[in-house]
Amino acid sequence: MDRLIDLERVGVSLGGLPVLRGVDLSIGPGESLGVTGPNGVGKTTLLRVLATLLAPDAGSGSVLEAALGTPDVYEVRSQIGFLQHRPSVIPELTLAENLRHAATLVGANAAKAETALRVVGLDDVASRRADASSFGMLRRTEVARLLITAPRILLLDEPFSGLDVEAQELIRALVYRTTSDGGAVVMVSHESGQLSSHTQRLLPMALGSLDQQS
Amino acid sequence: MTRVKVLLAIASVAMAVGLWFALTAPADTLQGDFTRIINIHAPSMWLAFLAFGLTALGSAMWLIRKQSRWDRLAQASAELGVMFTAIGLFTGMVWGQAVWGRAWDWGDARLATTAVMFFVYLGYLALRGATLDPTVRAQRSAILGVIAVVQVPLVYFSVNLFRTLHQTQSIRLDGITMPREMSIAILVNVVAFTILYAALMLARIDLAKAEERVAAESALAGDAVKPPRLSEVKDV
Amino acid sequence: MSFWSQTLEIARVDLTVERRLGDTMRIVLPFAVVAMLVFPLTLGVDLTAVSRLGPAVFWAIGVLFGMQVALRQAAHDDHERRDLYALLGVDPAARFAGRTISGAVLMAAFLAVLLVAMIVFYSPRLPDGWPGPVVLSAILVAVGLTELGTLAGEVTAGLHNRTALASLIVAPLALPLVIGSSQTLEALARDAGILPWILVLVATDLALAVAGVGLARPLEEASR
């Protein structure tokens, strides 16, 4: 596969307002890209397009060779990992149960959940309910889930916000594993300093467009 | 736990004695042996009233003192109150089916008000179950516990306020209107049920204390979050 | 993972969450039983009227409060969780089927307790041989109502007033279920055949199942 992500003049409107305009983006295997910009410029919307959760209103694109806005995306979604701004866990399940649930749904061995919990340092609190866990613990749980699902495309939305140094190192290790396995990473943050130490390329975003000249 | 075991042992003996009195007391001339169920029904309802009264007391004291022991009292007592109300309702329905020919009679104000009281306290327990934070849970359920107790006198005096199928109180402050042997049997069973209630209350309060200890220990989970094993990331 | 494996896993977790939250059995069910107490109190001591009303009240309360059971997942379904399932490769149709299974189990238990309460409080004169048809129609109503609730939850996903809106959508669409179930008992009492009414229920359930599975993907896309 030549290009894992390929967007051409992609535009998205939400609520009748243009959020992304004329976005061109091309990312190949082993590449990592940081997208920076102030709040409201469309960074999260860009990630949702790359996650195939949002279809473009203009332009065209493909992720893992599945054309955006077509049923083909259903075949590739399980190869995309998305660390969103708010943790996505089932609050009433324990951290371990959340991971076993994810492992079962992707057809992975449930024992991987225990291994992943140990690697992220949550094995002693695995039986704690998600709704009784801190933001940092939930973030680590999500990283554990991404270790289990091993996505080819890794999308990270403000991944370092609210995390201690150890957890940030975990994110860095996840990014490194993904790119060294031939995957691609796109990370967005309003702090360019954080991105530059974790990604190979940095693109600023403004008014819904990426500044490719930077 | 020892005092709980002692009380449970005493309660077991008392219940056995109560059962003996219930079975050996003379049967009612009209209702026959079905009357004997009153030895479970009446004490259950009395204990329900007592339990909900203590829930209100515990709730009021928590609102004043903000000490967790009052919340534990309120919670334990409410749970037991619901249990005894359920037993009272069930035995009442069995008795009603046998004596009136129907398990439920909408003309009976005490039945209807007791059912309403049962659901009010089910709501109290549901509120407690839905609130995760212990302090918020204690606060909200204390307010409901104080309000809900108005059901108790409503149920008790319903047989006086409304002329209905249910008999009025047989054991009152101004005298007892039932045969002596029957009243002794009921009173013995009231004492036995009260000892059982006390034993179950202590057991439930001990359990609540244990639950709080466990919750307090897990609240220190920040210490239990270990450094990630970065070198093993590739092995998952 | 296969469609049915995903379906059963979704159903299993949904029932686990319900066991821990207790929304259905500890909150909605007692509320429904209290609602059942309201009618006889308003009718006074007219026992004949109370007895006659029993089955009708059972189905009315069962459907109206059953909607809350069917819509309970909608209350917890934020877009992060929907995205999570999408990116774990869960087929939207499997999510619909899984939620229908778990919801139907809860709804059946809910209706079973409500039925006992109705018999106790209303002392209805039920025709001979009533248990089989009533249980069958209750199961079919449970399945259909859950399907409706799950569909309504998808249609109203992300809207701020989704619970009330979803109830408004479900209520009129549930009428075939109400009619089919109540007429089953009426037909039995008249010694007429119950098959047409059972078929109404089966057809409704099947139509909703086809709609739910067939529209699952478009609904998921529309909710973004």
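Residue numbering begins at 1 within each chain, and the chains themselves are lettered A, B and C in the order written.
In this text, a contact is a pair of C-beta atoms (placed from the backbone, for glycine too) under 8 Å apart; a residue touches a chain by one contact, two chains touch by 3 or more.
Remember, predicted model here, so these are calculated numbers, not experimental data.
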item	value
Result of counting contacting C-beta pairs for B-C and A-B, higher pair	A-B
Identifier of the chain whose CA centre is least distant from the whole-structure CA centre	C
Inter-centroid spacing, subunit C versus subunit A (mean Cα positions, whole Å)	37
Cα-centroid distance, subunit A relative to subunit B, in whole angstrom	52
Inter-chain centre distance, subunit B versus subunit C - centres from mean C-alpha coordinates, in Å	32
Subunit A residues counted as touching two or more neighbouring chains	none
Set of subunit C residues in contact with two or more other chains	21
Touching two or more other chains - residues of subunit B	none
Subunit B - residues contacting subunit C, complex	93, 102-107, 112, 115-116, 119, 122-123, 125-126, 129-130
Complex contacts: residues of subunit B adjacent to subunit A	132, 218, 221-222, 224-230, 232-236
Contact footprint of subunit A on subunit C as seen in their complex	1, 5-6, 9, 13, 16-17, 20-21, 76, 80-81, 83-91, 217, 221, 224
Subunit B-touching residues of subunit A, taken from the complex the two chains share	112, 115-116, 118-125, 128, 131-134, 136-137, 140, 144, 147-148, 150, 166-167, 169-170, 173-174, 176-177
Subunit C partner contacts - residues on subunit A that touch it in the complex	48, 51, 53-55, 71, 74, 77-78, 80-82, 84, 86-93, 97, 101-102, 104-107, 149
